[in-house]
Amino acid sequence: MFSVTVRDHMLIAHSLRGEVFGPAQRLHGATYVVDATFRRATLDADGIVVDIGHAADLLRSVLSELGYRNLDDEAELAEMNTTTEALARVVADRLAGALGDAAQDLDGLVVTLHESHVAWASYERQL
Amino acid sequence: MFSVTVRDHMLIAHSLRGEVFGPAQRLHGATYVVDATFRRATLDADGIVVDIGHAADLLRSVLSELGYRNLDDEAELAEMNTTTEALARVVADRLAGALGDAAQDLDGLVVTLHESHVAWASYERQL
Amino acid sequence: MFSVTVRDHMLIAHSLRGEVFGPAQRLHGATYVVDATFRRATLDADGIVVDIGHAADLLRSVLSELGYRNLDDEAELAEMNTTTEALARVVADRLAGALGDAAQDLDGLVVTLHESHVAWASYERQL
Amino acid sequence: MFSVTVRDHMLIAHSLRGEVFGPAQRLHGATYVVDATFRRATLDADGIVVDIGHAADLLRSVLSELGYRNLDDEAELAEMNTTTEALARVVADRLAGALGDAAQDLDGLVVTLHESHVAWASYERQL
Amino acid sequence: MFSVTVRDHMLIAHSLRGEVFGPAQRLHGATYVVDATFRRATLDADGIVVDIGHAADLLRSVLSELGYRNLDDEAELAEMNTTTEALARVVADRLAGALGDAAQDLDGLVVTLHESHVAWASYERQL
Amino acid sequence: MFSVTVRDHMLIAHSLRGEVFGPAQRLHGATYVVDATFRRATLDADGIVVDIGHAADLLRSVLSELGYRNLDDEAELAEMNTTTEALARVVADRLAGALGDAAQDLDGLVVTLHESHVAWASYERQL
């Protein structure tokens, strides 16, 4: 199995609902350094998993719809707690959608959001 | 599949038994930067894999029983060579025990011990 | 010259005032991974620049007054743009104050705030 | 499952064939920081996955046959595009060969080539 | 003193002239992860050292004139050995030129080129 | 001013004397990831600060005299507390000695010992 990973980041504000979150129930924010990993059993005719420049552009596009925003105000995220692990799925699912037909050649996708040097979360899905 | 990882570290002394270890048969030591990854198929009602603060506390607690010690003197480790990979299992198994009932909601655990910028070892187990 | 550095982090929300900031004029947030470096020409009787545990506690204390907050609502920061470089000075100055008499033995302080894997800012001052 | 990883690097020149590669069709080069991960279900009598010094020597040996070279001139690579993902397989397969009989005790091998701080590729195979 | 640093990278081929370089006399290549640090004694009216987006664009522009090339073929570099330390000066000097009048507000510039996880070089100059 | 840095590491056991060290008064150990930075105002005829391979060999040699040992048993270190900052000076001074006549061409030396992902210490000296 092959994989290719590209890294980018986004800066967001948000708050979390639930006593378990303690001070993170207050409005605060985070830098998420985001790794998107594309998996594929065999390489294509060019010898690649995915055009790495195209993959980076797709990730940039998905993150730019979330970045520099207060996620508490985003209608599409209103029903959920925007925890690191939940956002990893949002990014992965949007990235899968953005891949379009190219997703058919891929086997899976992993998105990891690093929220600090000591904590990160991932979501892995098939394509 | 979702996962959440927390990072901490411990400082220990030890020696290794066996010719394969060369100079590491002498008493020496290591900083282990430890990553504990908790895996779960679906998020809970709060939208999390595990309370990240609680996970960090559990890891801190497990590492504090090993850190600032000479592992050669620890009765519970007397039967084993405390290699990086073997210690990864010790930390994972103790962490699984410390999780208590919370382990039932999780699917797996991976513990990685980084012994330097050029070498690390992991142990992965189910919960 | 000797130095000792400790690393910690904080999660904040804020917005920046001025056209130069583009989309960062919107309410967003950041994780700042914060490095505090203490400089000293000679070591003390214990062979240290500063008690590293005490230094880490002081940094933790300073960051806990800023973290998990919307900096736009902090009265003490109302007059300023909370850019990464300006916050580096805020942290450094508060840390210098928190050091109390211990600052007399030190020669300088550098605080670096990493806002992502591709951008960071520092403020260096004497003690 | 246990794993042990060692890290090394190589410096190479190459060019890539195909319009998808844009400016990377020109002769350029890369530093590949290479992680080789050895997987094993149970530890051996010494409590290890593999002798980490031996593993590092094998990786060094494999990389030294590729490093400080223009890969466009290497006869064994003439049929392929030396993309990061394709080179990950070359390194993994050569490493598997270099392991010799020791491969029988191992369950798998993952080789990751980091081409920059924002892009990397992996190849995973059984042993 | 304040500073702001932005990170980017370039991929180049080159060879080095002189017996001291051993196998690096052959045509090979490198990824240089490049950090550009801008220093300034006081912040401007917006509370910044430099517009970080503008700084990143300038660095990108300077690196794009070197990246995806064989430096042995670049007329402007023909007189020199393109060692990591020498290239750090090339990048710093071109960046200083690209800053134009904005350089007058700055006090200094440091450019660091990371050639691997175990080696890097810097050049520091005034502005 | 130019600089070149090489990174290596050592694994040691030790204990620290003094109440300020708390649990670190017990025999424990550390991995020190060591960065040695060589400074020079102008490059030599080959376009380098120092032969990076030679610099790496010297650092390896200095660290091999300390690594895989219990520093409490080293006669040359008996008079001192082997704190991270004090060991940074030991490494720097031994490295300066090992440079021999080559030190005359250099302006300074900085040695940084990383004891974990959240703490490190440096010693800077002239040559």
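By letter and in written order, the chains are A, B, C, D, E and F; residue numbering begins at 1 in each of them.
FYI, a residue touches a chain if its C-beta (ideal position, glycine included) is under 8 Å from a C-beta of that chain, and two chains touch if they have at least 3 such contacts.
It should be emphasised that the depicted structure is a prediction, and the values quoted were computed from it without experimental measurement.
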- prompt: Could you give the fewest steps needed to travel from subunit D to subunit F through chains in contact?
  reply: 2
- line: The larger set of C-beta contacts, choosing between B-F and A-B, lies at B-F
Query: Since subunit C and subunit F are copies that touch, is their contact same (over half of the numbers shared) or different (under half)?
result: different
Task: Please compute the C-alpha centroid of subunit B, do the same for subunit C, then give the distance between them in whole Å.
output: 31
Field: Gap in Å, rounded to a whole number, between the CA centres of subunit E and subunit C
entry: 27
Statement: Per the C-alpha centroid definition, the whole-Å distance linking subunit C and subunit D comes out as 40
Statement: Multi-chain contacts in subunit F, i.e. residues touching at least two other chains, fall at 7, 117-118
Task: Could you pull out which subunit C residues touch subunit F in their complex?
output: 1-8, 43, 46-49, 51-53, 56
Contacting residues of subunit C [partner subunit E, same complex]: 18, 20-22, 80-86, 88-89, 117-124
- request: Sort out for me which residues of subunit A touch subunit C in the complex.
  value: 7, 9, 11-14, 23-24, 26-33, 67-70, 115-118
